[in-house]
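Common to both upcoming complexes is chain A, partnered first by chain B, then by chain C.
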Partner chain A sequence: MGADIFVGLGLVLAAAAGASNVAFLFAGLVYVCIGLAYTELAAAYPVAGGGQYFVLRGLGDIFGFIAGWAVLLDFTIDVTLFAWTCVDYLSQLAPGLTQSTHPWVHFGATFLLIAGLCVLNVVGVRESTAFNGFVSALDVMSESAILCLGFLFAFRPELLIHNMQFHWPSPYELMLGISYAIISFVGLESISQAAQETQRPASIIPRTSIALILTILIFALAYSNLALGMQPWHPILDAHGHPMQFWQIFPNNPDNQGKAVALLASQVPFYGAIAALYVPILGAILLLISSNSGVFGSSRIAYAMSSTNLLPSLFQRVHAKFRTPATSIIAFCSVAILELIFAALPALDPGAKAVYARFFNGEDGLTFLADLYAFGAATSYSFVFLALIALRLTDPLSPRKFKIPLNVPMRFRGLRVEFPIVGVIGFCGIFAILLFTLYTHPIGRIAGPSWLILGIVFYIVYRRRKGLPVFHSQKRDWKRSQIDILRNAGELELMDEYLANIKATDELRAKAEA
Partner chain B sequence: MSSYVISISPVGAIVAALVAVSIGTTLWWMLHPPASFVQKLAAEAESSLERMVGSIIVAFSPEINSSHMMALAAKLARGEKSELHAIYVIEVPYTLPPDAEMALEERAALDALGAAEALALNSDVTLRTETIKARSTKQAVLDIAKRDKANLIILGSYREGRYSGAPLGHVIEEIATDAKCDVLIGVEGKHGTLLGDSLGDPS
Partner chain C sequence: MLLLRGGLAIGMLIIGGLLLARMFATHAPLGAMLPGLVLGAAMIGLGAHRLSLIARALSSR
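After this line comes the complex of A and B, so read on.
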């Protein structure tokens, strides 16, 4: 989850300038609501499908498909975006990889990373858990060190206030910044994906989830405030030899936007001398791991969707030799490569640059990918809030070991339920971000909805061929399913509670009928 | 390249401390989840095992064949870093003085304790051995356990002699009844008949 700030920081500083911290705060508050919603749902329904499963259960098949399809867009973008920024971070040490000066080399390196991840996942090479743990621990320590030493030695509160006063963006730029800020907070799907593989998820997931939400929020707010109030260790000069402030190296400079944390770390007094050498490598490794999480995330979601008849059984097919879902992996890596081609095309071909300048406000490369990422995230998160509200009303019997605070008790279809106020606030927030994304991102406005329309057409054709209801939901035994989920997760006490709730409700209904 | 003068702002120092404390506290909280009911049960069992195997006595006598249990005791002692003590009790009849020479029994004791030392050596465990002459095997084992503040007495079984009224041998039953610490009794399967019966094996 922590890798997103490596991508989002530069984009937000470029878009929202003196209000970058406000952009992060707004997106961060929405993120807290999203995080709480995911925490409650992942603890109550610990299955691999994540957001799409919650929506499927709460809102039905068609909306489950749309949410899952939006998550699939995010995962494929995830593969490309993180591979792209992985190369950006490496370019800090190997300038030959810089996108603006060597676009073909950058494209080739990113392409090779995606293709390499595809092959590794098809063959079934496993990541080392110990290595992942080591990198995560090193990341937390490094980011904490960057922030603590940065605030200690380089932070000037008066500079922060000055930037907020004199470099406050226009409303359009602020909306743009907020829509980019939300991509720093993507990754909640990973928690719900992990829920199925966690023993006692109802106890472990809420704690892990809340801790990660807080950590990432602290990092995002701290980074943005530090970047705005930072006195660089070494003077930064513009083309005319005038000194610049740190955050001013990001606007109109996509190369810098893609490696913001490494640049910030190098400007921390003393520590920057070491950080300049290893933070780009650490960032690149983290981003590569995140890119890989997009590869297996997409195949897992597709598998889950396929098992609930939202996608063809093709996506459940496992390779005879490698025992991996090779078809899924290759399909979604191909989509990721297609997205890479669309993102890199303007830099590679002047003709395409003119077309992009005319129709897409000149958005390309990193901003192209970030736009789509923001669209996919905002769309799927919006549905998750609706699913949270729907499940609170329609499935009050499922035990929720973690429940979002601020609920209104009420009766619905004869049962006592709790209506989540935070769910409504969160939905308004994420829906606003979705509107900001559609308003400020020409690519997101065109490519995002196009992806959804394509998916819906595909869904209609598939369901018709299979003889399944298209706009209605297939009948499912959710009670049996929930018992199996809790039993498989080792949550035996919750399973007992669920069975007792069902029994009590059945008795009440029988009495009422009598 | 020239550098700015480095100075520490009080606000920056406070924020740095807040960031460090909040990240540290959050991650500590995340890594220390409360234990579930089954985990508490497991922890209690582990804690009682630690109490049980702090100091282990393996008892031998002409009536108690503990050789096969010695191997288990050595492995247990190694895993739990317990003190291991092997004793061989020679029962001296009242018709003889307490320190009477009993060559055959002493020779058997040397063999049994020598084998125990070899097993301990193989398992890389330090073993104390002792040969004790006493009027009552049961009392001797219980006295040694009390003296050493043993947490666990490990005994084999004796089933090849005459039936003595207790399936495990009366000495073993009495030790298990009167001991103030845990007693682990290992019965060798080779004397059983169930497998042979079920297969129709006349032996």
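After this line comes the complex of A and C, so read on.
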């Protein structure tokens, strides 16, 4: 999850300038609500389907499909965006990989990374847990060192105030910045993905995820404030030889936007001399791991959707030799490569550049990918909030060891339920971000809804062929399913509590009928 | 391992304290100091939490 700031920081600084910290704050508050919603739902329903499973259960099949399809868009974009920025970070040490000057090399390197990850996942090479742990620990220590030393030696509070006063963006730019800021907080699906693999998830997930949410929020806010109030270690000069402030190197410079944390680290006094050498490599490794999480994440979601008849059984097929979901992996990596081609096209072909300039505000590859990422995230998260509210009303019997605070007790269909106020606040926040995305992203507002429409057509054809209801939900035994979920998760106390709740409710209903 | 973790926790406390001192020394308006203060407080909070966990682990031995 921590890798998102490596991508989001430069984009937000370029869009929201002096209000970048405000953009991160707005998106961060929404993110806290989303994080709490995911924590509650993942602890109550610990299955790998994640957001789409909650929506399927709360709102029904069609909405479950739309949410899952939006998550799939995000996972495929995740593969491309992180592979793209991985090359951007490496370009800090190897200038031959810079996208603006060597677009074909950059394209080729990104393509090879995606193809390599695809092959690795098909063959089924296990990721080394120890290596992941080491990189994560090194990342946390490095990010803490960048921030602490940056605030100790380079942060000037008066510079922060100056930038916020004199470089405040227009409302349009602020909305654009907020919609980019949300991509720094994407990755909450990983909480629910982890839930099924955790023993006693109801106890473990809340503790871990709340710590994670707070850490990422503090990091994102600290980075944006440091970038705005930073006195660069070495003077940065513009084309005319005038000194520039650190954040001013990002607007209209996609090369810099793609490696913001490495650039910031290199400008921290003293520590920057070492950080300039290893932070680009650390960033590249982290981004590659995140790109890989998109590859296996998409195949997992597709598997989960397929097992609930939202996608064809093709996506559950396992390779005879390697025992991996090869069809899913190849299909979604192909989508990721298609997205890469669309993102790289303006830099590779002058004709395509003219088309992008005419119809899409001249967006470059990085912003193309970020547009779609923001759209997919805002759409799926909006549905998750609605599912949270719906499940609180329709499934009050499922034990919730962790509950979002601020609830209003009420009665619904004869049962005592708790209405989540934070769910409503979070929905308003994320829906506002979805509207900002549609308003400010010329590609996102066309390609995002087109992806959803394409998926819905596919869904209608598939469900008709299978003889399943298209706009209604298939009948499912959620009680049986919940008992199985809790048993498989090792939450036997919660399973007993759930059975007792059902029994008590049945007795109450029988008494009322009598 | 416990010794290393203890050292890291004490390091966090010291850096958090230094950050708070550095921010207050600037005499800037509270709003401008806030990011540094929050980061410093977070480091102190996290360091103290880690130390309490280590102390609990040592006492249960």
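Quick note on the criterion: the second predicted complex is superposed on the first by the 514 of 514 C-alpha atoms of A that agree within 3 Å, B and C clash if a C-alpha of one lies under 4 Å from a C-alpha of the other, contacts with A are read in each partner's own complex, and residues count from 1 in each chain.
Assume contacts are C-beta pairs under 8 Å (C-beta built on N, C-alpha and C of every residue); 3 or more make two chains touch, one makes a residue touch a chain.
Keep in mind that this is a model prediction, so the values were computed, not measured.
Undergrad: Put chain B and chain C onto chain A via the superposition and say whether they clash or fit.
TA: Result for chain B and chain C: clash.
Undergrad: In this superposed model, does chain C or chain B come into contact with more residues of chain A?
TA: B
Undergrad: In the superposed arrangement, which partner chain does A:Cys148 touch: chain B (first), chain C (second), both, or neither?
TA: After superposition on chain A, A:Cys148 lies in contact with both partners, chain B and chain C.
Undergrad: Would you check which partner chain A:Leu112 touches, where first means chain B only, second means chain C only, and both and neither mean what they say?
TA: A:Leu112 contacts neither chain B nor chain C.
Undergrad: Quick one: classify A:Ile204 as touching chain B (first), chain C (second), both or neither.
TA: Once the two structures are laid over each other on A, A:Ile204 reaches chain B alone.
Undergrad: Considering only touches as defined above, state whether A:Pro157 meets chain B (first), chain C (second), both or neither.
TA: Once the two structures are laid over each other on A, A:Pro157 reaches both partners.
Undergrad: Between chain B (first) and chain C (second), which, if any, makes contact with A:Asn21: first, second, both or neither?
TA: Only chain C; A:Asn21 stays clear of chain B.
Undergrad: Could you tell me if A:Glu493 is touching chain B, chain C, both of them or neither one (first, second, both, neither)?
TA: Only chain B is touched by A:Glu493; chain C is not.
Undergrad: Answer with first, second, both or neither: which of chain B and chain C does A:Ala222 touch in the superposed model?
TA: Both: A:Ala222 reaches chain B and chain C.
Undergrad: Quick check on the superposed pair: does A:Leu314 touch chain B, chain C, both, or neither? Answer first, second, both or neither.
TA: neither
Undergrad: State which residues of chain A lie in both footprints, the one left by chain B and the one left by chain C.
TA: Correct list for chain A: 144, 147-148, 151-152, 155-157, 218, 222, 225.
Undergrad: So in the complex, which bits of chain B are touching chain A?
TA: 1-4, 6, 8-9, 11-13, 15-17, 19-20, 22-24, 26-27, 29-30, 33-34, 36-37
Undergrad: Show me the residue ranges of chain C that touch chain A in the complex, using the header's touch definition.
TA: Going by the criterion above, the answer is residues 15, 18-19, 22-23, 26, 28-29, 31-33, 35-36, 38-40, 42-43.
Undergrad: Report the residues of chain A in contact with chain B in the complex, numbered from low to high.
TA: Going by the criterion above, the answer is residues 140, 144, 147-157, 200, 203-204, 207-208, 210-212, 214-215, 218, 222, 225, 231-235, 269-270, 493.
Undergrad: Give the list of chain A residues in touch with chain C in this complex.
TA: 21, 144, 147-148, 151-152, 155-158, 160-161, 218, 221-222, 225-226, 229
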